[in-house]
Structure formats: C-alpha cells, structure tokens
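For reference, chains read A, B, C, D, E and F in written order, and residue numbers begin at 1 within each chain.
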Amino acid sequence: MSIAVLTLAALSFLFASLLVLAHRKLHVDEDPRIDAAHQMLPGTNCGACGFPGCLGLAEAMVSGSALPGKCTVMNEDEREDVAQFLGVDAGAEEKVVARLACAGGTNVARNRARYEGLESCRAATLVAGGGKACFWGCLGLGDCEVVCDLDAIYMDDHNLPVVIEDACTACGDCVDACPKDLFSLHPVSHHLWVACKNLEKGDAVLADCEVACDACGKCAVDAPAGVISMVDNLPVIDYSRNHNVRKAIERCPTGAIVWFEKDKGPVAGRAAPKVIRQRSRQSSPT
Amino acid sequence: MSGQNQVLEIGSSPHVTSGASVDVIMRNVFFALLPVCVFAVFAFGIAAALTLTTATLTCVVTEHVICRLNRKPTTVGDWSVAITGLLYGLTLPPDLPLWMVAVGAIFAVAVGKALFGGLGCNAFNPALVGRAFLQAAFPQAMTHWSLPFAADRFSELPGSILAFPFAEPVYDAVTAATPLARMKFEAIQAENPDLLWGLTSGSVGETCGALILLGGAYLVARNMMNWRIPVSIMLTVSLITWVFMQIDPAVYPRPAFMLFSGGLMLGAVFMATDMVASPITNAGCWVYGMLIGGLVVVIRFWGGMPEGVMYAILLANAVSPHIDFLIQPRVFGTGRGAG
Amino acid sequence: MSDASHWSIFLNAALVNNFVLAYFLGICPFFGVSSKLETAVRMGAAVSFVMLVASVCAFLINLLLDAVNAPYLRIISYILVISSTVQLVEMLMKKISPTTFRAMGIYLPLITTNCAILGLALFQTNRGYGFTQSVVYSLGAGIGFALALVLMAGVREKLELNEVPDLVKGTAAALVVAGILSMGFMGFAGLGR
Amino acid sequence: MLGLAHNDSFSHGIHPPEMKDETSHLSIRRFPFAPLLIVPLSQHLGKPAVPVVRAGQEIVRGQVIAEADGFVSVNMHAPASGIVKKIALAPGIGGNMLESVYIEPYPASSQEVQDGEPCDLDTASADDIIGAIQRAGIVGLGGAAFPTHVKLKPPEGKRLDTLIINGVECEPYLTTDHRVMLEQTADIFNGIRYLLKATGAAESLIAIEGNKSDAARKLHDECPSDLPVSIRVCPVKYPQGAEKMVIRSLLKREIPSGGLPADVGAICVNVATTAEIGRLLPRGHGIQERVITIGGPGVKRKGNYRIPVGTTVRFALEEAGAAKDISRVFLGGPMMGPSVSNLDIPITKGTSGITAFTTVQINEATGHQKIYPCIHCARCVEACPLFLNPSQLGILAKNEEYDRMVEDYHLMDCFECGACSYVCPSHIPLVQYFRLSKKMIRKLGAAQ
Amino acid sequence: MASKEVTSTDEFVKGLWRDNPVFIQVLGMCPALAVSNTALNALAMGLATTFVLLMSGLSVSLLRNFIPREARIVCYICIIATFVTSVDYLIMALSLELHRALGAFIALIVVNCLILGRAEAFASKHKPGRALLDGLGMGVGFTLALLFIGVVREILGSGSLFGVAVFPDGFQTWTVMVLPSGGFFAMALWLLIVNRIKQKQAAAAKTVEVTS
Amino acid sequence: MNVPGQQPQTSAWSMYRAIVGIGAFCALVIVVVFQSTAARIRDNQERFLAAAIADVLPETRTTVAVGLAEDGRLVPTTETLALPVFLAYDEAEQLAGAVLTAMGMGYQDNIRVLYAYSFEQNAIVGFKILESKETPGLGDRVEIEPHFIANFEALDASLSVDGSALANPIVTVKQGEKTDPWQIDGITGATITSEALGNILNNSASEWVPVLERDAGTIERGDRSNGQ
C-alpha cells in the first residue's frame, strides 16, 4: 500500500517537475487577454464552437472574429461576463434607422415587364433593370427583408419594404443589400424625407409612378432658403441646416416628399393624391 | 402597333434550353428498371410483386407525407422517390416480411433523403440506406433466401412475407443459398449462364445480369447515366479477381462469377450511378468506381460477409465529396497548354 | 499474451472496430471538429500522433505498475501520464516550431480530455498487447479515428450547402451521418481474422 | 469542301438548334429611317463620348456628334441628316437611363453620307490606322462592343503573330456575319489588310463554322493571292465563336485564365467589324449603321437588315412585322442576348440582332421551367467549354459563398455563354447566379 | 462571479433542460451512446457519472484556492480519476454482471468531457454548496438523457424495458438499435424532438414579445 | 475567479505542493477503496467463476488452477492466468474433468469461452460464453440455439494413438450436416461465429488435452493450495 502511494507520489513529483520546468523554460509570451479569455471559457474543449478547443475560441474572440455566443457550454450570464471582459460596448447615441427612398408600391407604380428568374432584387436588377417602369424604384422582391437579421423589415401589401424603427439597429445590411441603393441610415430626427429617386421630370414620370417626384420644385420654394435644393430633378435636403420644416411637404403634388412621424411612418402633404389602396398596377400597363 | 399591348417578359439568358428535365430523366430510369422488375416477378412470383409494390408505394407515400408535414408542395411528381422505392425493393430478399419492407422504405426516404433536404441533397444513396438499416436491424430475415422458380410461386405466398407487423417471421422449410454464400462458405461457384439469366437465388432484382445491363445500356444511350462508373467498378473487380485467381484458383473465384453474382450488377449499374451521391467529374467517377470495386472485392474475399456491394457504395458515397474536392476539372487556361 | 498478428490488430482497430463508429470513443471532438474538412484533417493527424505517444507511455507505465503490483492505480497513472505528456508536447511544439503549433498544437488540449486516448491505453492493456502490438494498435486506432473524422467532415461540408431542414441542422444531422457511416463500417466486420 | 482547311474543335460545348435557315439566304436589305433616332453616348465598354452638338442643331448623316473621351472611347456619328431634338436621358438595354442624343431625321433628305478624312492603306502607319479606327467609331460588332482600336495595341512586351477573323457566328438565329461574308467579301479582305498592318501580325485566319460553307467557299475563292489568309472551317458547336474557343480551335493555344488573346500572340476580330474597317476607312466614314438579323418565331418579315444606329426596337419590330403578342424580345441570339423590358430602347453598335418570341413560343423553347435542386447530373460540367464546375458554382452562389466561388472554382473565368443553363435538367438559372455573384464580388471588392 | 442572482433551484434545474449536458451541450456523448443499449445500463452509468460529478465538483471546489492555475488540469484529472477508480471498484464489489455490462466505460468517465468541463467551468469558481447543486443538476440531466436514449434502444432492440419484456412473444427485435448505429439514430431522434420543442418555445416566446 | 488579464506567477513550490499533494492523497484514497472492496470483489469473482464452472461441469465441487511449468509439465499454480485452466473434482474428490478458458477472434471481436473436458468421455461436455461482442440475434445465438448447444453434450476430443494431438480436429460444418462426433453443427446465419468457436475450441483443445491427459492424474489433491 505504501509502495502504491509512494509510486504515485513519485510519478506526480516527476510530472510536476516537468511542468514547472516547462513553465519556466518554455514559456512563450502571448496576448494575455487570450489567456484570460481562455480562462473564462468553460475549458470543456468540446469543439462545439467550431474552433479547436476553448483556446481557439478565446483567440478568435480576442482578435474579434468571434463572439462569446459561439460557446454552447456557457450560460447567458457567463457569456455576458466574457463579453464585458472583452469590452464590446455601444455608447448611447441618437437612434439611427434605415430609411427607404421610394414609395412606389405595386398600387401606384407600374411594371413595364414581367420578370422571370431568381426571386431576388439583386438578380432581377441584372435583367434589364428588373422590369419596373421606374428604373430607380423598388423592385419589391424583398432582398432587404431577407437580409435583415433582426426582422426589422417587412414587405407591405404592395410589396414595398417597411422598416420597424424600434427593431432597426442601423446595422446597414439593407443598405448594402438593395441593388437600387434605396436605403440609407438616418437619425430618427430627420423627419423630412424624399421618398423618390427618379431623375426624370414632368408628367412622363407620373405615367410610371403616381407618387414619383416630378421635379416641380414647390418643396424647395416652401422651405427656408438652402434647406432644400433641386439637384438632377430631385429635391435634396441639407440636414446640416434646420430641417424641421413640415411645411415643405404640404404643396407636393405627388407626395414624394414626406414627413416621418413617430409611430405613423411617412405622412404625405395635403396636396398629395389619395393613393388608391386596393388596385394593383402590376398587370395594367398603360 | 406591334408589341404594344403586351407586357413584355424579361429573363436571364439563355432563353432556350435543351428541354431536358429531372422528371424525364427519373421517369426513364424507372422505365429502365421495369424489365428487371418483370423478371423478378417471373422468377419469384407474387412475393416479388408484393415486395416491389410495397417498397415503392411506401416510399412514395412517405415522401408525400413528409412534404405535407413540412408544408411544402409534394415532390412525388419528380419520380425520384419512385426510383428510390423500386431500387430499394429490388435489393430485398423475396420473402422478407412486408412490414419490414415498409419499415426500411420509411427509413430510406425519411432518414436517407428527406432529413438531408430531399432531392439532390442526400449524401448517401437513400435506397441503400434503407437496405443497410434493414440488414442491421433484422439480419436473420435479411439473410434468408427463397428458391427462384418455385413451382407454386404464382399460387402461394411464402408464410414469412405476411408476418404480422413487428412479429418475427416464420419461414417455410425450403431455403436457398445465394451464389455468393455458397462460394464463401462452401467454395462452390455458380455457372455463368445461370448468373447471366438469373437462374440463381438472391435479392428480388439482382439475379438477372442481362436485363440489368440492358436497362443500363438504354440509360447510357439516352445520356442519363454515367457509364464510367459501372465500367470502372466492373473493370476493377475483374482485374483484382483475375490476379487473385492466378494466385490460387481454388480459393478465389472467376471474374465473371464476381461480376454477375450478388448485387454487383444492380449496384454498379443503378445504384452507384445515383448522381446525387457520386462524384461529378468523369475522372472522379473512374476513381469512385475503382474505390467501390476495390471495397467489394475486399469485403467479399476477406470480410465476414459474403456480399459487400451495399457497404462499398455507402462508403464510397461518403468519400465522394472528397473525390469532388480533390479531382476538379482543369479550368481552361490554367495549367498545361495555357499561355 | 495476445498472439494476434500485427495486420489483424491494425485492421481491427482502424476499420472493424473503429474507435468512433463502433466503440463510441472520442465522440465529442468527433462532432465538434468534423464540420470543416481542414480542421478535421489536422485534428486527425494530431490524434494519431497523441495516440502513438500515449500508447508508448501507457505501455511503460504499465510495466512499472506491474512491478509494484498496483493495478488499481492504472487509471490515475495513465491519465496523469497522458495529460502531462500532451501538455509537454504542446509546450515543446510551441517553443520549437510555432508554425507546427499553429497547425496542430491547438488541438492538443482538446485531445487530452478525449476518451479515445485513455480508451486506447486501457484496451491495449486489457488485451495484453506487447510493445509492437501496442504501437500497431495505436496506429490503427489513430488512422481509424482520422478516417472517420475526415469522411464525416466531407459529408458535413456538403450538407452545409444543402437545404437541410432547420430542425435537423447541426448535431442531429451529424448524428444521422455518423449512424449511416457506422452502418457502412459494419461492412468491414470480419476483416483481418 | 475542297481546298478548305477543316479544323477540329475545343472540348465540351453544346449543340442547340441552329435556327438559321430562315434568314441565312436572305440578302441584306436597307432599313427605313425611323421618325426618331436615339443615339446613346455610351454604346460600348469604356468612357462615354462627349456630345459636340446642341439641341436644335442641324446635322448631316455621318457627321461626328460626340467625340471620344480618352483612349478607351470612340467617336459617335450621326445616323441620319436631320435635327437634334434634345440631349436627354433615354432608356438603355440594362433598363437604366442613359444620356442620349435624340435626332429627328429629315424625311425628304437624300441621306448622303458626309465624307471624312480617308485613311490610305499604303501610306498610313500602324498608329495612323489605329487612330483612324477610333475616329471612325468602330467597336466590336461581334457583341461585346469593345473599342477595336484598343485591342489592336497589344500590351507592352506582347507580340501579335496571328490575326483571327471571327466569322463563326455560333448563336442560333443570327445570320448577319454569314451575310456580311457573302456580300462584303472584298471589304473583309480590305479590312484584313488594315488590321494586319495595324497589328504587325504575320498571317490571318478566318474561322467559319461548317454550317456556312457557302461563305467559306466564297472567301476561299475570292481571297487575293498576296494576302496571307487561310480559311478554317470549324465544326458546328456552341460557343465556337467565343474568342477563347476560336483561338483554342484554330491555334491549339489556351488563353490563360484571366488573360487576353495577346498573351498567346493572337488577336480576334469579328468579320463584320473587319468588313466595316475595310469599307469605312478608305472613305473616312464613321459607323452610323450596322447589319442585324431580325428574327425569331415572333417576327413575320425575318431578315438581315442594314439598320441605322439609334433606331428603336419598337420601330424595327413594327417594320419587320412582329406578332401582336410578342412577349420576350432580346438583342442578339437566345444564348447570350439580354432581354429588353422596354421596346423604346435604341439599337446600338453592339446589337447584332433582335429576336422575338411570343409567350407560347418562349414556353416551348424553354421547356417546363420548374426548378429542381441540382441533382449533380454533371451535364453542365460536360457542357462548360471552360471546364468550370457550374454545379458547384451554382450551389455556392445559392449560399452566397462568393469567396469560394472565386478562389476554388474560378468564377471569374466564366464568360456567361449559357451552355450550362441550357443543358441543366433542373433548370437552375446558373448564368443568372453567376452574373449576380460576379456583381456582388465586384461590389465587395470595391467596398474594400 | 457569473450567476449573480441565481437561486439554488435554478442551479439545479438548469442541468435538466436549459443546459442539459447531452441534448443541449452535446457533451459526454461517448458514454451516452455506448452504454445506453439498455435502460438499466444507462441508469447505472448515469448514476456513476453523477456520483463522480458530485464528488469531483465538491473536491475541486474545496481545493480551488490550493491549486495553482498552471497545474489545474492535471490536478482535476487526478481528483476525477480517483473517484472513478473508486466507483469502478465499488461497482465491482456490488455486482460483476453490471461491471461487465458497463465495460470499459466506467474507466472512461475520467475523460468524460462533462466532468472536467463542470470542474473547470463551475466548481473551480464557486463555493462547494453551489458546486454540489450544479453537479447534481448536471448529473441528473445526464442520467435522464441516457435513460431516454436507453429506453428507446432497449424497447426496440431487445423488446424489453429494464429487462422486462414489453411485447408478447415472437416480437422481432431490431438488432440495429443495440448496435453502434442504433445509438446514433436514437440520439438523433431525441435531438430532433428536443429541437422541435425548442423551436416551439422560441416561437411562443416571440409571439409573447410581439403581443406584449 | 482570478482577475482576468493579469497572470499571477505561480511559485514552483505551490505547484509541487498541489500536484504531489493531490497525487499522493489520491493514491491513498484509491488504495483505501481498493483494500476495503478487495475482499468482496474477490468473493464476487470466485462466485462468478464457480457459477460458470458449475454451468459447464455441474459435478464440480472443488477445483485446482493449473498451469504449465517450465518443462511443459502440468503443475498447480497460484497465478491468475489470462486464460486459466482448472482441474475439477466431484463430491467424491475424484477428477471429474477439466475446465478451460479459451479465446479467439469471432465475427466482431474476441470471444472468450469456458468449456469443460471430460476425461471419462474424452470429449468436450460443456460450454459457456464469457465475453463476446457478437451481434445480438445472430452471433449470440450460439448461446441459445438448442441444436448448437447440443453439440457440447459430447464433442469428441479424443487423442490420436500417440497421444500428442487430437485424433480428429474439431470443425464446424453447415447446419444439419453434422455426421461425426467431432463436428460442430453450425448455425445458419451465424456461420462465422460458429466457425470461430470451432477454431477456438480446436486450438485450445489441441494445446491442452494432450497435456491434461498425460499429467492430470499426477496432480496431488494436496496441491490444492488455493482451496477453491
């Protein structure tokens, strides 16, 4: 019995010596945060995170290429701790959301041709622009909706995307996704908004889309000087000035310039035509 | 004014296609299998007819139900599941209880196909997954063979085939040994003509090499099958067998015996060629065929079981992603001949 | 006392009684590391190597334990030896060849706590293999493990691109593939007798 | 074919129905002037031309209305005598709006072409010829519309030894090159002289597919004896006409992946381009019209027409008697031609044909279009002339694995010939996937 | 550090479902698959593992300030190995039959990732009481999971449950279920069910969020 | 836990203390457990063995473990051999037979069997599988299939005239084809396992039966040192 205890003691002594020696002689400097993060991980080395062991994940987290959520073993709190240690924190700034520069749903905008192929705006754009009469307008195939991981975008009854402002984190995925570049990120305080990108002017525009900007310039006139200027047949709002001028939307004959109201979404001015809600213009080209 | 009142249609080029379609291909494979099925019924009687019908119907129904459960349109119409069912049925012993046939069929489609995502996504040949499951689940029943051309085959059913669901089958007295089992355990080789014309016992559809080859030839002629795979398998098997036969003809059989015994013909022609689970390049197909051929010989000669085609194909299925990765077409303008 | 031939020991360990697919050893890393082919290959190599080292160590330690007649210390000594050796190898590798460490070393800690290694050591003792037999056995086991891992990774990479139903994605799909692979490996039964 | 060198071909490729019989025997006819011509300032790859006319200005046919802006850019000439209505946006083939010159031709005008400064073959230097080609507004008429003069200047350190004249015309339905070879034989040889001189190439090969043996015979018979030209007849196979395939077939040389014909010492020019060079340069004219095939089952008066650049598709179809219910219209052949969403787009220098189908006809041509998952049948792999793996590329595209498509599977080499989509029994829109993927890759690349 | 306001029941319950070692964390798979061919084996293995989990958790937690960081893995493994060896002998003393059935896997509890994982992740950072609770929860969760798998495999594979026949005579056993592949399939089956429940739960949570 | 980010340098002493201390302590625990369970385990094992022996040779009352001496003679032994062999004595303290352990490769893995040899009948008279991984439902039918078990009522293992080898090697034949008493009637569907058992028995019997027949009588009853 004592032999057994002695044997194991001797063995452990041997290995302890080796380990001590190894730590002294073979120590290699690395980012101490990796080690610290590694320590905070469960150390199960199960590999479920897709990295070869906890150390792998720790390195990836420190280098920023992975998040603690990858680890299936830790619980929420532990993940939270790791995240805190790694110091990924967002400051409190004004909420920014994605805004859509098109109002041409199927109820108001005409389709010139019927597109057949992959159900994707990006794919459709490559086929003669996608078939929408207005070259700049939303194709309504919902790439933005698909790409938004937070489900902050849904397609309305007229195949126009709607942003749920509370859910939007301004990640910018939809901005990248839209082949027509219709999305951009704006602080919620930007109430005044031009929901059109059509560069043409005059009545011809209205044949393609009832809510397009026909470049009449009334909004630019009604707003204080310099806030709105007409560039390439479109009003351009200078958000560096005081743009809180609801008046600018009132005389717009098409409702292309709108006022974003909390919980109501875009509101068109009085002069804008009441948009017919039910009829779809999709299959009735003029 | 022309074209004015018509909404134009736009689409990506090319605007014309060859007209080939998956369902047409699948339907043709199904038809190519029919002669084999007819022969099976001829050789094994109503038992074979019942086995094949049960297998095919269960597969089709399973697929339909799974599509329904997933709230997707049914994919039964593409005929692929019918092939799975028919081929699966053709690999079963003719007196297997029908309830086992159904269990294996459900497994084949549910686990072998639907679970991976349905048509085109299965990493393994679904029909063989079903058979392998049965082989592992009910090994006795799966190694029990009835005689072909029994006198009463059109009038009487073997008792086992109607075994109560989940009950052990009770076998009639007469049993047969497959040519391979006789080879392995008694060192008796069947005659070539018997093998070619299907006069031996074995699985429902594996016995008649000639009709299988006919079906394969039809598909090859219609460009619906890659002939390189069966040819590669057969060449490999023949070559290795021939070499060993030279070494010791008392122990190792003739190449022709190897080719036409067991499931090799059916496997090589119809199952290894399942394009979903086989490599995509021609070179890859040669390698894949050699792998299957090699494994078949190894298992048959030195393994514990008399037959190894099923295992060889399943294992090769697992290797085929690697073959695809390692053997890629040489892209135009790279490597030799470029620049 | 085992008189099994080297060839049959090897085949048995690699194919017939594959550590992962027949003995269920090292399943956790098998599922964890088999989603990417590249990782799988490296992990397979690392496991094979550690198995070899562990087998030799275990053989020697067993001699010692037999000498002091303390077979009940087998488990604890094996695991002590294996984990220390692996840790040493890891540190040595880090020092001597950081590139090799990058490629392989990071898998080493994962392997320390892998049942396959300890299983190998215990099995070789139970079967009474001699030194060369142990080495052959460890090689077979390592190669078998790597083979299973690589096959699995290939299939999983393919599945990754398919429309595998959400319900099945991930471990469930991997389990089914492992089950089918395991059925496939049943074909090797009886080899090398 | 006595006396004609028969050539073997590249591997893979497909055999779509040729559909050329209905127009190949019809000689080229002049097309009337439309009441309004729209000349986009950007009709080719490279920078758009800069307009030199104003709205309301009177112009004469052949007059330069926009000038090249830089080296990769060419002049634009007035397609008709008339008046400039406006310079404004007009729809283009991509559905996009392009800056264009709207011209109202004078109905009564004789439409004489204004002569420019001729380029004399004997006295001009290579650079003179290249300059003259740029001034004549010549771009590739084979489809890509790449400014020809740019191709003629090989990159530093490369030498051109062979000039290949591409008379293959492998696209179904199109017969313009065929007719040009039959009717402008002399122009072609004249053009070859210019091109040989401009490039310094020693010899010239004319590639023709076997289904145009009359053209091959005519070229062979009429070839001037002093010209180092030989005619090569290639087997009929799509896409024989693609540059890489022609060069592979004729010279057994493979243009390296990502490389240019110049990398293998060759240059490839379409026959119609060559004919235009031979026709225009001696007179100092510029391109203001081109030969196109108007065909397809949706058109009644199919034919080969010499049509003014700027004619709208709508006018062209009306004149050619299109069916009332045409539904799919594309510019060029069915394999590569882009379909149009708007009949009011103008024909440009790059347009080689207009093909129109009715709904019923297009459904017949495309078969049942139900899309199945890829079943790995390998037909696409067997079809792709560039030995790509469209099956895997398609799967990767679906998963948006763009990096792997480029790095492991050479996506960028794909020239979108459509062979893979054509044969795919699963009807997977492979080419569309690849176009999309390339675009996304460029976008990602640009973002970085 | 972590669980600030975690109640002790929570510490225990999390192992049963939310962090179930087998179905959610996918740990300790080897014994879960290898020794679950009958319900009895599964139960025995589960209990043995629970015992080791408890004891090692307790020891590690008690010794956590004594063990330097660099030597921790070696020390933990030693501690675990000790308890495993003890269990091994205890079972042998209890019943050789059982020991035969559990086979080499008793010894392999040492390297069951679950035990080392809990030692590292939990016991080494918490007080003994908590560590015990955690170990108990994980152990029970593990045992339950094993039992689930074992029940399916035994019923189909041997036609019995805890050795008692559940089918009338003449039942055709499904050999595959006691074979390795059957282990994978049975586990996959449960995982599918678990996934389904999780999906349902997630969907329910979402609708609650939206409506509230 | 320790504060992340800073690496406290551990002293060698504390490492030694922890590792050696824990190692020694663990060894102590194990030894204690081992000691305290040893008796019961031995007891268990003996009962197990006794039960197994009683199974294959029911007359047995006492046994003597035997082994081969250096000179090839059969001698009593106290060592635990990997494949132990016992001489079995009945109530009347008469040599009732020998019980042998044998091992060999089966369909899946090694099969370990215990079998009894009767000096009276010159035959193998009992048989029990100690350890096997054969497929349930196939290979494991060798334990339950009546016709297979019937083989071991008296499986001839008589020696050749000179006593150096078996007169007829033990072989497995196909089910229903047994003609001679030294043949084993195999099981269809488990041919491989049946054949493997034939081989195992043949190898073991060829090795041991000549020795047993020669020397078994020489073992003194007093040699029953380890009294079982």
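Quick notes
What we mean here is this: contacts are C-beta pairs under 8 Å (C-beta built on N, C-alpha and C of every residue); 3 or more make two chains touch, one makes a residue touch a chain.
All of these numbers come straight from a predicted model, not from anything done at the bench.
Considering the contact criterion stated above, the chains in touch with subunit A and with subunit D alike are B, C.
Common neighbours of subunit A and subunit F, by the contact definition above: B, C, E. The chain with its CA mean position farthest from that of subunit C is D.
Chain centres computed from CA atoms place F at the largest separation from subunit A. Two chains share more touching C-beta pairs than any other pair, namely B-D. Each chain gets one centre point, the mean of its Cα atoms, and the points for subunit B and subunit E are 40 Å apart. Centroid to centroid, with C-alpha atoms defining each point, subunit B and subunit D lie 49 Å apart.
Between subunit C and subunit E, the centres computed from C-alpha atoms are 22 Å apart. We define each chain's centre as the mean of its Cα atoms; on that basis subunit D and subunit F are separated by 86 Å.
Within subunit A, residues 4, 7-8, 11-12, 15-16, 19, 23, 39, 44-46, 48, 112-113, 116-118, 123, 126-128, 131 each touch two or more of the remaining chains. With touch defined as above, residues shared between interfaces to two or more other chains in subunit F number as follows: 1-2, 10, 15, 18-19, 22-23, 26-27, 30-31, 34, 107, 135, 137-138, 192. In subunit B, the residues that reach two or more other chains under the touch definition are 7-12, 111, 117-118, 120-121, 133, 136, 139, 304. Of all possible chain pairs, the ones that touch are A-B, A-C, A-D, A-E, A-F, B-C, B-D, B-E, B-F, C-D, C-E, C-F, E-F. Against subunit F, in their complex, subunit A makes its touches with residues 1, 4-5, 7-9, 11-13, 15-17, 19-20, 23-24, 32-33, 35-37, 39-40, 85.
Within the complex formed with subunit A, the subunit D residues making contact are 89, 91, 93-97, 338-342, 369, 429, 432-433, 435-436, 439-440, 447. Residues 26-31, 33-34, 73-74, 77-78, 81-82, 84-85, 88-89, 104, 107-108, 110-113, 116, 176, 179-185, 187-188, 191-192, 195-196, 199 of subunit E are the ones touching subunit C in the complex.
Remark: subunit C residues 21-28, 31-32, 72-73, 75-76, 79-80, 83-84, 87, 109, 112-115, 117-119, 122-123, 126, 166-168, 171-172, 175-176, 178-180, 182-183, 186 touch subunit E in the complex. Across the complex, subunit C meets subunit B through its residues 37, 150-152, 154-155, 157-159, 162-165, 168, 173, 176-177, 180-181, 183-193.
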